[in-house]
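Sending over a structure as structure tokens; questions will come in a sec.
Chain naming follows the written order as A, B and C, and within any one chain the residues start at number 1.
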């Protein structure tokens, strides 16, 4: 590879990498963590998501709420914030439950609110999102 | 645009973008979130800011403390940590209150400690700072 | 410096900087913060570390748990989670205590669990790790 080709390759790959990490230009992304067994925190996480959508415009932002550990109960069908989970899904907020936690606490997929998605490990998913350039929020 | 020009443009824009995100060379930046209604957490956030300045040198670091949700009360004129807010402002720590929270809880600007600044949504401001390359700390 | 040399230098330095920040290709890194005086949180932090190793493969991830402020007690020799500290060290999870906190609370190095490492300021270490591209987790 000639020197000029190397420059081209390097410049381009950095450029492509950053574009990939940031998604569409102007689209902001945030992953919100819920790991407390505290309905007030669950309500705050949902309000945070709604406020971000209001402030930036729903179409300009991608939001996921990831519940794991003691926070998983937020995503149960019988959750005290179940009504607000419905509203969040309607507003295109991704709701995600941790399968590791479910396994450790004998919670089945049927116990989880409809529309909630699953990841093997909530913590690893949060790391992955940060690596992709998403902001991280822990209310 | 010729290939060499494209490389020049790409390389330069990445370079410029990174420099912009990182501020002056050597200048580190951190946004500290306060979202708990817990004076012990408020004191911890203020101690964290002071320790960072001591450890890195006050002139080498830029710090903002953003209070929102149940944490907003930290920034009120009648806050139990008001004396320490004064010291933080003297030390060039930015103190920021969330107007969304103020509106939802009927708190006026006149209720907030003098010198505290305002953003429309605390959460969006924290996302913006992370996107600009600031570290994020949630004590 | 000729224009082409400048491009070469810029492209290369960005490339080198990113490689440095990301460590070995494929190696993921996360710094986990413990700042609550709450043994349930300490257990959660240790479980998070273990789950990340299980999910990604122990050899593909680098993990540090940084305890400071009211969270420092997690790292004491007499900590209620001392047995799990041993297991974490065996699994190559870095355990780190904040010397600032130790100084302020009159805790000596001899009071800390063997194998735990020390940094001058836990908060600054967490900022540094984020600047190096590590994910940040606050359980």
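Observations, loosely collected:
In this section, a contact is a pair of C-beta atoms (placed from the backbone, for glycine too) under 8 Å apart; a residue touches a chain by one contact, two chains touch by 3 or more.
The model shown is predicted, which means the values in this text are computed figures rather than measured ones.
Rotation relating chain A to chain B, from a C-alpha superposition: 120°, rounded in steps of 5. At the interface between chain B and chain C, two copies of one sequence, fewer than half of the residue numbers in use appear on both sides, so the contact is built from largely different positions.
For the pair chain B and chain C, the distance between mean C-alpha positions equals 22 Å.
The residues of chain C that reach two or more other chains are 4, 7, 11, 14, 136, 138, listed in rising order. Partner chain A is touched in their complex by these residues of chain C: 4, 7-8, 11-12, 14-15, 18, 28, 30, 40, 44, 47-48, 51-52, 54-56, 135-139. Of all residues in chain A, only 3-4, 6-7, 10-11, 13-14, 17, 33, 35, 69-70, 100, 120-121, 123-124, 126-127, 130-131, 136, 138 touch chain C in the complex they form.
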